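Several structures are given next for inspection.
Both of the next two complexes hold chain A, though its partner changes from chain B to chain C.
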Partner chain A sequence: MKKLLSVVLSIVMIFALAACGGGEGGNASVTDGVSENANITILDYAEMSTLNPIDIGTESDQVPVFMLYDPLVKLGADQEYIWMLAKDCDMSDDGLEYTFHLREGISFSDGTPWNADAAKANLDMMADQSNGFKSQFVYECIDHVDVVDDYTVKVTLKYVSAPFLNTLAIQSAAMMSPTLIEQGKQAMATTPIGTGQYVLNERRVGEYVKLDLNRDWWGYDADICGGTPILEKDYGFNSITIRPVSEESTRVALLQSGEADLAISLTPNNKKMLEESGYGVVTKQGASMSYFYLNCQKDVFKDIRVRQAISMAIDIDALNEVVYGNEYTRAESPLTSSMKFFEKQEPIEYNPEKAKKLLEEAGYGDGLTLVCWEENDTTDIQRGEFIQQQLEQIGITLKIYPQEGGFLTDNVNAYSGAPKDTEFDCYIRGYGADTIDADEMIGRFATAQFPPLGGNYSFYSNEEFDKWIDIGGKSIDDEVRQEAYSKAQKIFWDDVPAVSLLSYAYTAAFNEHIDGVDFGCAGGLYLMNAKYVE
Partner chain B sequence: MFFKKKNPMVTEENDMDTRWSDFLRNFKKQKTAVVAFFVLVLLFFIAIFCYKIAPYGINEYNYAEKLQGPSMAHLFGTDEFGRDLFSRVLCGTRISLSIGFITVTIATVIGSVIGLFTGYYGGILDGITMRILDAVYAFPGLILAIAIVAILGPGLANAAIAIVIFCIPTYARLVRSCTLQLKNSVYVRAAKCLGASDLRILFKHILPGVFPDVIVQYSLSVSGSIMTTASLSFLGMGAMSPTPEWGLLLSNSRTYFYSCWHYAVFPGLAIVITVLCFNLLGDGLRMALDPKLNDRA
Partner chain C sequence: MTKYILKRVGGIIVTMFLVSIFVFMIIRLIPGEPARLMLGDKATPEMIETITKQYGLDKSYFEQYMIWMKGVLHGDFGNSQRTGMPVMYEIGLRYGKTVRLALYAITWSVIAGTIIGIWSGTRAGKWQDYTGITVSVLGQAVPDFWLGMMAIMILCVKLHLFPIIPDGTFRGMVLPAFTLGAYMMSTVARFMRSSVIEALKEDYTRTARAKGLKERTVIYKHVLRNSVIPVITIIGMQLGVMLGGAVLVESVFGYSGIGLLLLDSIKYRDYTTLQMLILIISFHVVAINLLVDLLYAVVNPEIRYD
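Up next is the complex of A and B:
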């Protein structure tokens, strides 16, 4: 008996010692920075269309931007400012002049130093609306940029713009090397040169984008960062491969087979299944919402009764339950509840009978056929089918054409023809306000924001609404803005240029090798605080 | 040597009768083909009466009962919107069978006419037409269909057009080669000597000779056509939701592959059974009709 006990004890001790040894070994490699084995594969649901930060149009385009590039300032996961390439910023009292003090000792991956000239080259390009990049309309307010000294740059605005600092914290404000800007649009889209934590290894269109760690990244250097580095040396990955896989079940299978380490955009069913089998899962409400846009320039939607009928005929709570397993949140305003100036509106009652009556009054009692475009992601198709079923009840036949995301972006976001001639009558898609500001989320429904200039996919035009948007966007006084956006939300809600459906929850599942996965406040994958676990 | 027929005086009518009874006798020997034939007859009845048999409407959703497994109330379970899968698979029969038959029939008629004329007249018309068809034939069927749908836009009707286009060369080539063979046969030359017109020779004398080969090819093509329709729908280029097309059902089921086995299995089985039966029937017909493969030398 004693013998047995001693054997058991010695086995226990051996294991305990082995465990300690393992722990120490792990710590030792940590101090040397990111391990050579820290290679991960991320599965996105769509292919990125460009690597040019200012030209991004979809969520997938955003994924690699903050890995390759750094902005002046970043928004943290809790909407706080993290100063990146700038140390800080002074704003003049009238809100028209922003002076940025830049960090010193940073250079781009091609060796070009980061200084006031580089910042000016970027800001000038962003402000020059004649370039025609998809995301640059938010920088329309920049009047001119002055170099004060080597590491100070002053931006003067045409008018007061409340969300200006937030617009500099989004992906499209990533700072590129001046030499890259000189090389032109083609180079910007294919050969990124930034100051980021990673550098491009290889991109194969339709297959993958592979990024390698930049071990000399300034963010690891305590001196450049003024005492504490942005990240400790062990954060990050030796390489990141981003693969587009549009089929959700394939993403799940690749994650399970170990071919990938992280997959985003999962249905509740599969998320639950992965969680139960031991995978890490993150769900976060973002600043994105899905809308059912109705093209207000089409004759049929000029009649407000038709728009109201549609808004009454969709049971949004059931949509949330059936397609999203109740993980999303029903829209209570065109803004998401996480946004400043959000004001809860009277919920639109689900009432198919009343909707039918409204349609009859409008002269569409015999039925109506509408063409609808949407994205071809699995759940997006289900969402479309659900809305199709709901509208069927009030005699509306919805002809849905699911299309690839990049294609939709080119054909809708960049639509430049006459608003009433669009091939679609309605359009279902989510919109994420990266700046998390009301000016972007609801301000895009102003008349001046028709595609391709902005995100007014409803081609909504209402003078009263435009007036409040203008007041709200050009003030830095929160009280004035509160009133303006409160009025604007009310008008939007009553006028229904688009039915606000659900505000998104973003989901990702990942295996045991990754720690610290998060989503940014606007919804994009946020891997800054992530690291590899052996 | 060939004294199988008791009556040496062979008139046209009793020749047809003998041929028919020969065919039946030979066909009955193909047991699997006979079974396949009866399954197909059953499928036809389902296709005709599907909306009467189906216990639920195809778009009758019930969100409270979504993604349920098979039960007495829902024989095949329910889909993501709580629709009865049994009713949807049943009604899908009509879509698949009608697409299969309509496309192949049109392709057979067009292909046979092209084959008859090019084979009979030959010359430059033959050269040009057949080279064009060869070019079409060079593409794998599904790839060509995808290309055509990409031009015409997705939808069941466009998928059907694509299938017709890629089926035509098969029939044209088949009929042309038979025509080339038959136009020098004794009876055709005899008809010519008696002063029969070209059209009469083509449709009265040559076409019946081509028929057995066309029928065999026909039953094989129907299964191919059903498969292609399902494939196109699966890839999002054929039927659009909420049509209960089998390929589309299968495509929708992919998301629930890990949690709801029934959703993928039943539409898949429906495709397998139908296609298998057409192929078995086609094989049986070939055995029964081909003089080289049976004892009717």
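Up next is the complex of A and C:
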């Protein structure tokens, strides 16, 4: 009898439990806008080191920034400006003064109102280079900031800087609450207070960061946005959990087991496997490219025929296939095609015969030995070896010295004596433009940018080129800039101070619950136009 | 006994002092200017100067070492160069997790290893012995990394039996602890087996049997007691190896312990965290060795340390 009773009771309990569970599920999606079921987990390959936008140093640091914070202006997928905390901006004719008109009626998550004082507090902090924040070097051009009225702020630059607006559209220009800035570095790193679409729920260092949707976000409010809201109410997620998982196979397994919804940074093999098993995949070119720099101050590279020969001897498509599984994009200009002012150049033909002939003409028919420096990551070494084999076919022996990244940077910058006496003849490395602007990407090949002052690792010096770079960098007129960079790209392409190899791509895979995953122009995950699919 | 312990503790202090010098120097010998490494390729000279001053990198190595040691002795371990937070905060968050993982791993592996070892040892040359040997050779030959990955693919992705990332529950700890302990289990089993075989040949075993004791009593009272000593030594030595294994296992399971922190500190050149972690790990190895030595006396009262 007892036995029977216990069986009956157990069955009753199971039903009761099941009913409770069902009840929870049933009530969940009765809210305006984003459903309460819309919770996603994102896997990154490394942990963010800080939640302080101005102190970000890695791609992982960028991921949560635009969820928690808004900048004055954002860059859309096609490099168009999306006005965020500012309504618009007037520029003075000399390009030195930027007057921002700010949106009204917005406040930070701690209740502090967003106004000109708040903007000034942020811009002043960004400009003061003695703070030592990792990302603030791009704001070195700011001279001073004035509050014009409650919702107008004027920034005066030390010199004309064409990419200035771009630099205000990247993660490091996220606007923090002035009360947070007053609390100092540690608070900025741990307790974000912004105006963003999400607020911090919890951060467990080493484990995850969980963000909750701010349903009162100003971007959903048509009045504050001046008619059309930045986003419709059903965009976004109820919560986003960002987890660092350094092991790629574990990221893939987590996606497959359903413990996560989106994983970034995947190798071509895994990407293909996931795509074939029905996962969504996004690959997008960023603002980084790899170059084979040739030190133009060396006697051997003073002869343009040698530089041309090298550019013709490297089969870049094969490099892409062999080393990167065709994941990257062959360079069509020294700028990546995702950048403004990019202009496609005539592809350099892969022609080892012609290259050999050019070398013979230049007097190097008997062969040539060059010293090359590169980074010592596995794929970087493979890339170097590939180029080494290609150049061997035209009689060039490339002696490669792979070095640890930071050490390599130091060494390249710390050459002693004249630029023509550097220990390396050539240098293979990627370069990413933080400002996503042509001025940074190609402007660094100007004579004034020889290391250690800038990134002209080719020690390229060409008066005509310098002239156009100067015009492009000092103008805020897009037409003028377009012409200047068009000329500069052409000169660079014909002159080959460096062989532009491949532009990098960023990859994410995600399950059926997410729609609208994208990457920003600089490569950071961009979920603004994403939403949940039941 | 007290005298012995004091002597050993003194030894630990000297060892730790030497380790601290070694750790400090080896990190400084890594090429590259630390401030530049922290701030990246494009940092302005002004920023580099700020960071150099802030971390005292402009001082001589001797001064830097003295400042660091003074801090360590006062309980101030400096701030992480990666996150800006105090190093002890970063380590404190993860320390307990690695200890928990290691304890689970040790517990199951020692128990399983001992049982397999006795089983094989007492049935030397029979099929039970060969099964035991196969299991222990496999445990040593299979890399942690592969074992963990296979466990994830089969038990988590296909069968959904466990969460991949430990969620704080016991169920979540099963796979990482299993993976981490596999090597230790095999080692214990192998040593236990040979130890048992040795002990079975000893005079006291024959005497015990001759007295007419039950085989079970002979094994558990006489053989086991004597064969356990070398195994304890091995366990002590293996704990250091296990801390190394924790780096891999934590990485595979995305488990945020000090192993993963060590990996991240190396990857991002977080020198202050790195040197403190190495110091702490070395301290554990030294301290565990002392503990093991003291354990001998407990297990076998014949051993005296006077």
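A few comments on the model shown:
In this text, the second predicted complex is superposed on the first by the 304 of 534 C-alpha atoms of A that agree within 3 Å, B and C clash if a C-alpha of one lies under 4 Å from a C-alpha of the other, contacts with A are read in each partner's own complex, and residues count from 1 in each chain.
Keep in mind that, in the parts below, a residue touches a chain if its C-beta (ideal position, glycine included) is under 8 Å from a C-beta of that chain, and two chains touch if they have at least 3 such contacts.
All values derive from a computational prediction rather than experimental measurement.
Touching more residues of chain A than its counterpart among chain B and chain C is C.
In the superposed model, A:55 lies in contact with chain C only, and not with chain B. When both complexes are overlaid on chain A, the residue A:35 reaches neither chain B nor chain C.
Once the two complexes are laid over each other on the shared chain, residue contacts for A:434 go to chain C alone; chain B is not touched. Judged by the touch definition given at the top, the superposed model places A:329 against neither chain B nor chain C. Contacts of A:140 after superposition: chain C is touched, whereas chain B is not reached. Once chain A of one complex is fitted onto chain A of the other, the partner contacts of A:393 are absent, as it touches neither chain B nor chain C.
By the touch criterion defined above, A:406 reaches chain C but does not reach chain B.
In the superposed model, A:130 makes contact with chain C only, not with chain B.
By the touch criterion defined above, A:249 lies against chain B and chain C together after alignment on the C-alpha atoms of chain A. Across the two superposed structures, the residue set of chain A contacted by chain B and also by chain C is 247, 249. Those residues of chain A that touch chain C in the shared complex are 46-47, 49-50, 55, 57-58, 129-134, 136-137, 140, 185-186, 189-190, 204-207, 243-247, 249-250, 253-254, 256-257, 259, 404, 406-407, 409-410, 434, 455.
Chain B makes touch with chain A in their complex at residues 59, 61, 63, 66, 80-81, 154, 236, 240-242, 254-259. For chain A in complex with chain B, the touching residues are 247-249, 252, 267, 269-270, 273, 318, 321-323, 376, 378-379, 381-382, 384-386, 388-389, 392, 399-402. Contact residues on chain C toward chain A in their complex (touch as defined above): 31-33, 36-44, 46-47, 50-51, 54, 82-85, 90, 93-94, 149, 152-153, 156-157, 160, 163-165, 251-254, 256-257, 260-261, 263-264, 267-269.
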